């Protein structure tokens, strides 16, 4: 590794990308997200050898939104056999906006992958079938992975999402019409929006997702979260479908498996090395954090990180 | 590395996947491809430390088809500035079949990436603008990279493609209607089909693409083919768009940047380690070599290779 | 008029088309429709000068299904100003299957016309806003127009539709996401399915729709149902969008404004002359009554009827 | 007929709609059309009982553009059996812009109807197969129908179209890829653009198309142009597909079979009564003459004309 990571270096990267603030757009489809200040900027790194680095607003919690889609997939992988999951959702990039119905209709209600809304809703529908209290269970998992017992849902955000849930309801009903949605739509949407409303900081996200950099093992837990093979598979899915329709552009610029959320967070994985989390609420046209991607690009260029 | 590579091990892998032969379908859209025996099966590996391994029909030449799209992109990267290329073609997965016009129409004639037909045609249109003899030049490059001076175009295949070129002509004309195609359609199609008709063996492909595993340097050449950064970028593009609409499924199963062709060949890259080429003419529904993917999956599982 | 209409002639037409029975397919998306015998065949005519003719199963009631979309539009035209209606739904052929979401998504939740499901659901949403008891009101209207006080909803069919309403729910929710659906989805679907479940015979349908052949006036009612201009407009809409995606083929073969339903009924209008209703439950690929269209074609050819 | 037609009345209608000039947009995709003054406005009527009326610029020739698609269909109907034509082109509204490839790709190269570009190109491809000199033959027909021997192609417009023909070339090649285009693309495009470039006045158009109002007979010709049944069929096709994607809106407002061209002309038929031609070069969003439609609407409302 040519350069050594330290907090000063992270400070410098944030300083470099801060001028981008103002060029993106804070998600405004629900009031509870629209009111987040656009100038928040944070980064945190957790390494497999136990180091933690951070800079900027790395300890302020925000709405993780679609980053939760990785967590719900992990939980599903713990409760369902591989073929049970992948007969109901694909593994390929969609090439469409994350909330599109077009492709879903043409492909008979089978979502392209678990990281677009339709796919995540199918995953939540699965969880509803095997977990007695899906919301409580997710909290337990996130608290265990992050080591923070006060992580919780943002009731205001969850409520706000539910008040603006018409399109996701349409997606769920369309899948139901094809037989690929089994439980009550309103109940599953409730869970889905609660997962999206999880409030976590960059620092907590980096710790939580460290297992994806460490062959499925979280350092402070005795049993692995998932197997080494599953870890590679989830990372592969993030690499090809984790950044909405800009997976290719992101791979080109950053070269790491990653998952973003419209709250402005991104979690990226350097396999065998570290988990990185960035946060900047202003989004680009595809719904990814504009300054967040730039910070990851700077960091990986500087450190020579890229899986490719 | 847990296992040592050797020819015996490659033989065993081919024996393992050979039962898949009969489950796919040899490309039949042109007669010259349809007549290839479906039971051909070969694999070859070239490592950055100078080793070469092979098994099966690794020394028999076949039509590399879309694998040539990587080569034409490399040539374009040598003759055009980055922004000149990427304002005319995107970097993201298309989510559509490789010869679809639908997306191209909706996105105003800008192809999603250079590995679908539309994107490769735009790249060929670029080459037409800066190379005095695009076909001769490509031959020189491939011969230099592979070290084999007798590599050549298959005139019968090129002719056959041209006789069945209506859809690619439609794609080129549609891009012309949007101002994203500058030269004579028939001329550029001629070049494009010649590139597709290149005949190479697995062994030659592994050597030719070794530079993508070695930061852009071909071992026997004094000057690098592309820069280390460009190497990572091309690999990133292969990882997200190299396997037609099955990039995600392939990443999940194999976990390597790769490019396939309807001739049944696949080239995969283990960064910093090796280039792998497989060949089996029978294709799956997405147009990728069925037994070829299975062989790569076995190999990478066995060796623990995956970029993720 | 070259030929005189009489019941014998209608009998002959039914005999001519009866051999087509067996070539179509009874609608099977809900059990309550799937169990209807495919060999039912009836025709009825009501003329503006007070004559009534019929043949076959003309007096047996069946589920009028989408034919009710004309009635709900008529009721909306009685309760809303022209611009209030047409800012929420278009007047043009959709070119898509009747329950497609694709176009609805691309066109921001504005259905192409009131005779596809999405459009009819918007109309029902309007009725919910201005009628105190939309289901009771529709019954009153149909009973008044037909002169039959025992016409009613088929509770089994309505229930069965509701049990299979996922796709229509998806359509309604998608429109809600674009702000083009104002009331409770479940409530409006209930009304919509009840309208579809109306049971009427050919004879009753011909009488009910006679006002569309008589400049908006029903012979036995003192006040007009709609104005002469509105009558021409509704007929125009039926002519261009009344037969799902086969409006052009139907115009070519039959040449009359018409509306079909998946129960196998079709109502056709000869302006200034008569209303015709046919019934044969087996449908063609577009969802229109196969033998029903053939009977209308024979009748119009024989009588020289065509608006074109 | 409540009102008597006369030139004064037509003058009044033109005066009424003239204020609309300035609200539309002259077709600008080729320079030769873009230079036409937007304030041209003309109307002409030919009746089956031998009367001719006109007002405004009714005697100035303009580019008839897509109105020629009716003429080429008529010629095809004279040279091919019914089933030969309709197995290669449909009869239904497309619901898409007139030059869309999307639907054509999804429907395997079979255009929805002969009045969108793809359909008209298929018709021209047919003519190329049975006429020795398709361009000369069309001139003869138009001159015979109109009685004007100096009607001719506008070479500048035809040339200009050919210089901007990329999209139509894409359409033709796409159909060729599906086996639905048999002759040389460039040759057929040449014919197609020549037909579009025909220069005719409103007065000449009304006379030329009078046979569609008179059961297929042109008053001054001994043999019928087409049969009475074919006449109804062509009118039906115009009614459902003659006004690009606004067939329904036009039927609602005007209620007559009609065909428009991007030169700003519209021909409308009152069956058994008359042919009407209007001209105003400014187009609405769908590509139809804005003031032209308004003039037809006023005229038909005033006279109580509507087929519905």
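First chain written, first letter: the chains are A, B, C and D, and each begins at residue 1.
Keep this in mind: a contact is a pair of C-beta atoms (placed from the backbone, for glycine too) under 8 Å apart; a residue touches a chain by one contact, two chains touch by 3 or more.
Computed from a predicted structure; not experimentally measured.
Chemist: By that same contact rule, can you tell me which chains touch subunit A and subunit B alike?
Modeler: Intersection of subunit A and subunit B contact lists gives nothing.
Chemist: Among the chains, which is located farthest from subunit A on the basis of C-alpha centroids?
Modeler: Between subunit A and every other chain, the largest centroid distance is to D.
Chemist: So what's the Cα centroid distance for subunit A and subunit C, whole Å?
Modeler: Using C-alpha averages as centres, the distance is 48 Å.
Chemist: For subunit B and subunit C, let me know how many angstrom lie between their CA-based centres, rounded off.
Modeler: Taking the average C-alpha coordinate of subunit B and of subunit C, the gap between them is 55 Å.
Chemist: Roughly how far is subunit C from subunit D, centre to centre by C-alpha average, rounded to an integer in Å?
Modeler: Each chain's C-alpha centroid was found; their separation is 32 Å.
Chemist: Okay, what are all the chain pairs that touch?
Modeler: Here the touching chain pairs work out to A-B, A-C, B-D, C-D.
Chemist: Spell out the part of subunit D that touches subunit C in their complex, as residue ranges.
Modeler: That would be residues 90-96, 103, 112-113, 229, 231-233, 235-237, 239-241, 245-249, 251-252, 255, 257, 271, 301, 306-308 of subunit D.
Chemist: Which of the residues in subunit A end up touching subunit C in this complex?
Modeler: Residue positions touching the partner: 100-102, 105-106, 166-167, 169-174, 176-177, 181.
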